[in-house]
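Labels A, B, C and D are assigned to the chains in the order they are written; within every chain, residues are numbered from 1.
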Amino acid sequence: MHAVVGENGAGKSTLMKILYGMQRPDEGRIRVNGAEVGFRSPGDAIGVGIGMVHQHFMLAGNLTVLENVILGSEPRKRGVAIDFGAARARIREISDSYGLGIDPDVTVEDLGVGARQRVEILKVLYRGARILILDEPTAVLVPQEVKELFANLRELVREGLTIIFISHKLDEVLSVADAITVIRRGTTVAEVDPKDVSARQLAELMVGSELPSPQTGESTVTDTVAISVRDLRVHSDGERCVVDDVSFDIRRGEVLGIAGVEGNGQAELVEAIMGMRPADGEIRLGEHDISGWTTLRRREAGIGYIPEDRHRHGLLLEAPLWENRILGHQTRRPNVKGPWIDRAGAREDTRRIVESYDVRTPGIDVDASALSGGNQQKLIVGREMSGDPVFLIASHPTRGVDVGAQAAIWDHLRAARAAGLAVLLISADLDELIGLSDTLRVILRGRIVAEVDPKDVTPERLGSAMTGAGEAA
Amino acid sequence: MSAKESTFADRLLGRVSPAGLLSLVAPVTAIVFAALVTMVILGLIGAPPVDTLVAMGEYAVRPRSIVLTLNAATYFYLSALAVAIGFKMNLFNIGVDGQYRLAALTAAAVGGAVALPAPLHVALIIFVAVLVGAGWAAIAGLLKVRRGVSEVISTIMLNAIATALGSWLLNKERLAVEVAGSNNIGTKPIPASGQVPGLAIVSGTQTKVFGLILLSIAMGVLFHVVINRTRFGFDLRATGRSEPAAVASGVNVKRMILVSMILSGAVAGLVGMPQLLGSSYSYSLDFPTGLGFTGIAIALLGRNHPVGIAFGALLWAFLNTSAGILQLKKISPDIVNIMQGVIVLSVIVAYELVHRYQVAAEQRRVSRQMANTPAEEGTPA
Amino acid sequence: MSQNALATPEAPFLRPETPARRFRLTWRTLLLALGALVLLLSFTRSVTGAVDLTSAGAINAAIALAIPIGLAGLGGLWAERAGVVNIGLEGMMIMGTWCGAWGAIQFANPWAGVVAGAIGGALGGLLHAIATVTFGVDHIISGVAITILSEGVTRFLSKVTFAEMPGGGDSQSPPVPKPEVVSLPLVGDPLRALEAERWFLLSDAAGILRGLTTNVSLLTILAILLVPLSYYVLWRTAFGLRLRSCGESPVAAESLGVNVYLHKYVAVVVSGALAGLGGAFLAQVAASAYREGQTGGRGFIGLAAMIFGNWRPGGLAGGALLFGYTDALQLRRGGESVHALLLVVVILLVAVAVYQLVRQNRTRAALITGVAAVAVFVVFALTDSIPSEFTSVTPHITTLLVLSLAAQRLRPPAANGMVYRRGQGK
Amino acid sequence: GGSEEPTTSAQPSGAASSAASAATGPKVGLAYDIGGRGDQSFNDSAAAGLDKAKAELGLAETNELEAGTGETEAAKEERLRLLADGGFNPIIAVGFAYSNPVKKVATEFPDIKFAIVDDAAAAAPNISNLLFAEHEGSFLVGAAAALKSKKNHVGFVGGVQVPLINKFEAGFIAGAKAVKSDIKVDVKYLTQPPDFTGFNDPAKGKTAAEGMFDAGADVVYQAAGGSGGGVFEAAKAAKGLAIGVDSDQAKTAAPELQGVIMTSMVKKVDVAVFDFLKSFTTNSVKAGTTTYDLKADGVDYSTTGGQVDDVKSKLDEYKQKIISGELTVPDKTS
């Protein structure tokens, strides 16, 4: 098992895509089992036994798991028809033998991220790949799932498969990899043996700087309740209760962390608080009952929102940065004057954000899509922090962001907290949750099932609480 | 992922900064390419390509042709603007056709029925047209917002229903009057106070340019200002680019859909006005039809940009006008249809190719700059 | 508080709850619905005496009117399932009418016309594929351009071909040979006799059956067979799965070695061929000559039928049939039949109101629907015919009505209309 | 086409026109409505008149321009002006839609003679209005239908519900009722204006006629342009009879359908066009309205196939009554 590490944009995914035939190298050679190969398409790579799990899911939401898995390598009857029976049996077999727990007949859009990740792995196994490329497979998994995954991977390695593995979580890398390659700006800067390095050293190799850690320091919690949520219920498509009787208060200067496996109602909870989704129950911001307010009014009242999916909810990818600065603040200065857009004001303020949040961009007129994910995230954080929010929802604020940018974002959160901001933090990164939160709640199937003290909880224990396993035992 | 969230209008627009000579390359390439393809087609059907194009060119600069072209462009422009408002929001208003016909009919009937001092009379007629156009479009908007009916279906159906309703109204017992000796039937002619005099801005001909060309220009400016400079326009574009992002930013998407559909219909209501108030003065059986469909082609040809649409409208109008001279030269007028199709396709293909080049260049520029900022070993470009 | 929540042993992400009731159409529900429909029409027919509701002639005409729309819709289905919006269906259909007539005349064989029509449409599809897939042009404008183009091309071609033939002209062809018409042997006369009795339900069923089994063109049968065939190819074969994956997530398809461009090309060319076949049907079966402007916007209606059918073959066939049926009714004895349809609407509205009240517990919605039902009933009771101007839009109003009554769960292919370029996956 | 190079537009048009008309006979310009030559309807009929004139009157040059769908009056005006500028004289406009354009252009070119078919509203000293009494012709075929109907039930299929086609309907109904006052007449228009596809949609024509035959009609009259072919097909399938329109369709329809066309209401646009051109060559153009009615033999019923021979005497009786003014045919439905 070979790990490849490097900061965001170092070229890891690009390198893997070249190995998988999705991109063509300008020069250089690829050898598989000693034989030189030249891939023209992923089909060629699949042909020599390479399989890849991509960083961003490559799944068609409207198709079933079965269809997604067999696509491109369909078992056939009589030459043309798909042999669904055989396919189903084979998927069940693989799923059972690796404990993936996947039903071939559900539609992928009904699956949570964890299950989607397993479908991706199943896709590769289904093709009988001998060389597996896993691009950040653990980003969305909880520790237990990660452990299970690694157990599976070790099993595969024992069977003689080769695995190339990419992750930003360095302790993971150190615990499973047999060899590590560090790349920076598209070139290999080091090849190390995991036995010889520590996580800190590895990080320094990657970025050439200190490894930051999420630490809150002094408590800044005050007595004033900034936001209070009572008996919140959200129903999805009329019937199912996805957020069930959730209540909490967040005081000024307090960070409330919500831990939970993805798909347990966090997204719906956030959207309900933002007014993007109908909900029952009471939400009070300061002294106002805002449950009946529109999203716009809530934002105007001082709710900031760092969405979990920045491409979907946070940005207009095909609009310049300064227009993205206006998004969500289109009724407030310096972006508008009355009904008019204040271009000068918005541009000026965008420059300020770019500067003070260290957004790496050649200018404020480039489209948001031209920025790397980390820089997009910094822009969003900067935008949401301006306009003096009293309450900030931060959903996975550092997902997919490299260590440097991560530290910067944590710093900003800490500073705002010290200035009296109330924060609702949702994250899959348990270190981040434990490190930043003043209070921690665990959400399971839409209910708050536990309250944990971040000072004396380990990621492992938190992980079991999240799956319900810990408390049931 | 990025492709998923871009609107097709934006993909078309390219979102390229207009600075530099490069922005001129696209239209010029497009025109040259279209001319070449047209000449090949002319050659294929046995018409002398160069002579034909020269004849069209000469005809185009005759004063009367200029007026005709400007007049046709006046309503094409309005129609394309109406379509473009929808496109900015990813709404496909195929219903401009029905909207303007119904609006022109009712406005003509009202205009013919009342007597008012000049500016008021015109204002009333235009107001009625806007109201009817907006109202008819609102049906599709409401169906989409309240019942989730795709606006593509509802506007196709509403066009047919508008035809039936119009035909029912255009009857002696209702809004129409008969003209002695004519097989035509139309509304009562609008008296002089409700007519808009033409402008004699092209010398060398008696024919005048529609006075309402000024309305078209004003609508173009208004369109630009509203879309690009107002909060409302920002919300509209944001919704068009990414609906989830707009929702998260506090835009009420349902309201936006309804409002933009109504605005689109309101502008559609204006489409018939230049012709009605500048030339026909009555809505009759030979009132021009199909302008809504032409509007779709022109809006996309002009990439939903007010200036681009103006060029598209003029080009389209010119080609329509030139059908006459081609026929006189015994070249089948169908060639104009073929040319319009070919030009639309070649113009957008040329645009697309240049756009791709520009995007690649932009990306190279960005990554070069990014590589230079933290001075370390640069990426090989 | 955590105890109740933890009562269920399994972790939620292992067994995600599938949305409670995703509607699945089974043969049983289909047959039940059909039975209810016949019962409803039969009841209305006997109350109002509008025999056309279930007459053999009306059913036969409904099928004939539905086929071109259905074929266009099927064309739309193929293209859009592969992610290419095809608003050029109308143009491809126009090509189909011309080529169908030309081929049949040129080779003096109706089936040569059918093939030529399909090829003509396919050429339009090919152009659309080149523009949208290779050059990444916006799908809508390419479609509009193709429609404009085909109007010009066919008119031009008519001048150099049909105008030279006896009986032809600049805008129409001489009579074309028609594909053979067949009837189910032996059943025609007994069914006719039964239909003439005007017995409740029995005569209606006989009328419908006779409409379906007598004087059916072989091309009609072929066209009908294309619906299940399309379903089979798109949903049951490897090729179809790959094609649909291009419309759902081309990057995923590409990452598994699927040639996205190729599949899109095939889909759009087939789409054009189907629309062209619809055109050939118009020229060769519905009429017996090419006639300029013959398509009359049926390509657009086909597109609407496809959306109506939620991008599924069965659904679009239903949409096309609904349109064809109401169109047949209004064209045949418009005033009377359409007036009778009002009663059908009343009954349906009442049923919806009851459903809303009893099953969904939505009192306000039920009240509104109920009031609408009463209003339509009043109109029905006070009039005995519909003004001729309005009967002609019966199909359009019906479509809108059905769409606004039915809950909307439209699910277009996720990557529909997106320009895709090789290697764009991140 | 096939003639020599036309004058180029670059040349001063006045000079070209005088030169050309001085050389030989008249240069005739013809402006069609939508469809143009080859529509197998009244445009085509006008073309036939022109062709006849070309053959018999020795015209110097002819040019035919056609209208585009949905165009404006300005486009029609421009078409007439192009012809006038090109030295064409006389100029014939086919279709009522040219009413205003002809009026305008005629005043601009007082020396050019204009003719317009189907319109009387455009009046000027240099305009000849060629009108037809379609209702009178339709009356006769209506009477024929009633006489031939065994079930006392006939039908009328109109292409598009416009006043012109209403005239056909009115005459037809009057004729049928004149024979049998209790006769049942089904009426269907295929589309409503401005949707003119009703003139081009045989599928709709067929369905509408099938409906009438199924409902018990046995003779159907069509005034539906290109959709008429569908009506004939329906008649054949139902073993009924059909009545053609504009020209003698028993001669031009598909051979296997000719048998069902018992008669046609003939509207002699060709005669009107030819007469007008002839009068031009003899310098005897009559401005104002010329009505081609039964009296003037401008409309008539046809007898090809001999199917109406048995009722011919009755029909001719009606014809005489109309000609003599004893019977007036309504041109509007009540």
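One rule holds in what follows: contacts are C-beta pairs under 8 Å (C-beta built on N, C-alpha and C of every residue); 3 or more make two chains touch, one makes a residue touch a chain.
No experiment lies behind these values; they were computed from the predicted model shown.
Colleague: Going only through chains that touch each other, what is the minimum step count from subunit C to subunit D?
Modeller: Counted as steps through touching chains, the separation is 1.
Colleague: Tell me, please, which chain's centre (mean of its C-alpha atoms) is farthest from the centre of subunit A?
Modeller: So the chain farthest away from subunit A turns out to be D.
Colleague: Determine the centre-to-centre distance between subunit B and subunit D, using the mean Cα coordinates as centres, and give it in whole Å.
Modeller: 36
Colleague: Centre to centre, by mean C-alpha position, how many angstrom separate subunit A and subunit B?
Modeller: So the centroids are 44 Å from each other.
Colleague: Compute the distance, rounded to whole Å, between the mean C-alpha positions of subunit A and subunit D.
Modeller: Spacing between the chain centres: roughly 74 Å.
Colleague: Would you mind listing the residues of subunit B that make contact with two or more other chains?
Modeller: Only 1-2, 11, 160, 163-164, 167-168 qualify.
Colleague: Give the residues of subunit D touching no fewer than two other chains, as numbers and ranges.
Modeller: 69, 161, 191-192 - these are the residues of subunit D that touch more than one other chain.
Colleague: Among the residues of subunit A, pick out those that touch two or more other chains and give their numbers.
Modeller: 56 - these are the residues of subunit A that touch more than one other chain.
Colleague: Judged by the touch rule stated earlier, which pairs of chains are there in contact?
Modeller: So the chains that touch one another pair up as A-B, A-C, B-C, B-D, C-D.
Colleague: Residues of subunit C touching subunit D in their complex?
Modeller: Residue positions touching the partner: 52, 55, 57-58, 61, 64-65, 68, 158-159, 163, 167-172, 174-175, 215, 282, 286-289, 291-294, 296-297, 327-328, 331-334, 388-389, 392.
Colleague: So in the complex, the part of subunit C that touches subunit A is made up of which residues?
Modeller: Residues 1-2, 5-6, 8-9, 11-20, 232, 236-239, 241-242, 244-245, 248-249, 251-259, 411, 413-414, 423, 425-426 of subunit C touch subunit A in their complex.
Colleague: Looking at the complex, which residues from subunit B come into contact with subunit A?
Modeller: Touching subunit A from subunit B are residues 1-2, 5-7, 10-11, 15, 17, 228-235, 237-238, 241-242, 244-245, 247-252, 362-363, 365-366, 369-370, 373, 376-377, 379-380.
Colleague: Would you tell me which residues of subunit A are touching subunit B in their complex?
Modeller: The contact residues of subunit A facing subunit B are 26, 56, 185-187, 274, 276, 294-300, 305, 307, 311-319, 323, 326-331, 336, 339-341, 343, 360-362, 365-367, 369-370.
Colleague: What residues of subunit B sit close enough to touch subunit C in their complex?
Modeller: That would be residues 1-4, 8, 11-12, 45, 92, 94, 143, 147-150, 152-154, 156-158, 160-161, 163-165, 167-168, 293, 296-297, 300-301, 332, 334-342, 344-345, 348-349, 352-353, 356 of subunit B.
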